[in-house]
């Protein structure tokens, strides 16, 4: 139990380095959390600390209602919403939130990103959907995330006038989805500026997503 | 007194590193200043020196009329305007100036950035306003800053055909505002390129700004 | 033979560092391969590994039908298509695939990049062409690459709704083409956003491409 | 004489580091040269070498007709044009060439950058002009540079369908102008995408340029 908590703190701390490296965040505007395996606990970023100052010891351990159970700092403002996702999605073990600029620009217009690239079919299995507007600080955003991603292949949701949330079977997978949603948002933005784009056929999307989910990477290695 | 001056010189020198890191400046086109606590003095960047060459010893100490009182270099061309802000806004202890590209593009059109994202409501508490055009070198820009931000929640002002000035209760807070105004300017720019954006309701803006000001970060930590 | 394989593994591993450095890839979304001189073999990136984790030992050796003959990892999903290119283009010794954002935005619109800059004439000798849409995982993409580049001066092809493939007399040359196609795609994108661009005359394109191919660099050094 | 040549080689080599750092170049697509004080000689980048591989010893010394007089490598393809500038502009001691993307996008449309920002008035003293199209490899580009900048305050010229050349009283000043022209091109591009911009009054431009030329930096330091 202690080992699982400490491992999650180290993992969540290290994964935050991807956010500025991939230019997904400004100042302190994004956070990563992970479920602690085998416990009703999660680990999340402390609120308002700069990424360069994070250490495993500064991570905050909360229960799945967002109450702090360990740590010196107040947890992220988004803790209640992360917690809501973990309570309602037992398959989810990692959640990431950013205001990455291209993805957030789609969220500002409340426009889904159309599945017009093989890379979107691969990672998102269809269009990247828009979730509702909600105020920050309680669980309302979490409800919007869970409702929007219900029955979707997408690990990412564009929260209206706000930013991006991604989920994953691990915190690393959620970070990857946060990187990929910004990349997709940017490329489709650029394409659309000079003309229309064509969505892929549903059969091609299904085929690409299936291969990516089941063959890509080292899953298919013998 | 000596200790406060030296601390301010070290602080202002170190904070300049954020400007190129966040891609807010080209060559030497931005500066940070801080009020020296308990004195009618400010510390500011020397004019025209490259960021990589700055040291605490190269910082310039001026009175609040922009006259150099200590230092080997001529102070920034914007010193008179920083000084004007300190004289007229006793709550302000840091001022930052940049020509960050997205924010300056709004300034070039003399167009305020609408409060259409939660991150803008959080940090700026409303639209980010436009200030008047003024020549560089005396206090005219300072007058425009003070006048425009009078009664505004925003710590940032887009100076017409020029660039951005931000203020803060500390120099660090002003640097943060400079980073956040560029991020907001960029995201709203991107959104607007492909369609209209909706401003948040005033009640939501007030609620978000209040929470961010009073709860976000470690203020709420017990 | 062993020495040639080991040299190719070291070379292909090292060349992958250019992809994130030039911001051509997100997460693991690009790959480099090289033909092993004097053998019907190629070396390619393992599937799904992050760039920072690549070592020469993790590179995968395949035959020119994409079958793994050496290595601990499953090869890139694109291996079959790289292999197809090597079988059909004996002059090609390196292949690179990316989803670099500006180039991919042209691919998403299925629009060739017009040869309106001297740098495009130099490196590509004409317009940068669009290839067909094809699913990932077998040789279909390779067929599209070979067919599209038949008789073209361009070492790059924009694969519809997918991304970019480049070829070269060496893997380094293919990497260079991948860097240059993104640069060209970006500059022409920016130009076109604010007005039309004029294609260069065919005679000027031919003259520039000839000089670049035969004189530029250290070829002309005495 | 030897000392002046060696100093110029070290200086030109070091200044090349600014080009990739400011994202002005892709692969090897830009070069810096400097006049050797007190001699009819110039130092320039070798053709086609990557920036990370440059050393003072690899720099090429040429006469002012572009003939190599010292060095192991063939000089840049643009040597004849740099040389032409030095012969016809005795006040110029440094020349820089890049294909920086925003500036080159204006060059692709053959559109001058209007002086609508104080930073443009400061550095360029007016609009940034467009020069003619010319083939690469002889002096034709140099002629276009000299002719276009005749009587202009601008140290930068946008060469049609090609890229940017900047000049300066030192190679460092020419590098600065190359950084600033890209910054100006980007900001005005962004502004123009969402609406028209207003050019500054000629009197304001003259006043800003005069102050920047005569007071900015450490010139005014006592």
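Per-chain numbering from 1; labels A, B, C and D assigned in written order.
Note that a residue touches a chain if its C-beta (ideal position, glycine included) is under 8 Å from a C-beta of that chain, and two chains touch if they have at least 3 such contacts.
Which chain is which protein? Per UniProt: A, B, C, D = L-ribulose-5-phosphate 4-epimerase.
Please read these numbers as outputs of a predicted model, since none were measured by experiment.
With respect to subunit D, maximal separation of chain centres occurs for A (centres as means of Cα atoms).
Copies subunit A and subunit B of the same chain sequence form an interface built mainly from non-equivalent positions, shared numbers / all numbers used being under half. If you average the CA atoms of subunit C and of subunit D, the two centres end up 31 Å from each other. Distance from the subunit B centre to the subunit C centre is 44 Å, each centre being the mean of its Cα atoms.
Residue positions of subunit A with contacts to 2 or more other chains are 193.
Residues of subunit B touching subunit A in their complex: 22, 116-119, 122, 176, 179-180, 182-183, 186-188, 190-191, 193-198, 200, 204, 207-208, 211, 215-218, 220-222.
Across the interface of their complex, subunit B is touched by residues 26-27, 29, 46-49, 73-74, 77, 99, 101-102, 104-106, 108-111, 135-137, 161-163, 189, 192-193 of subunit A.
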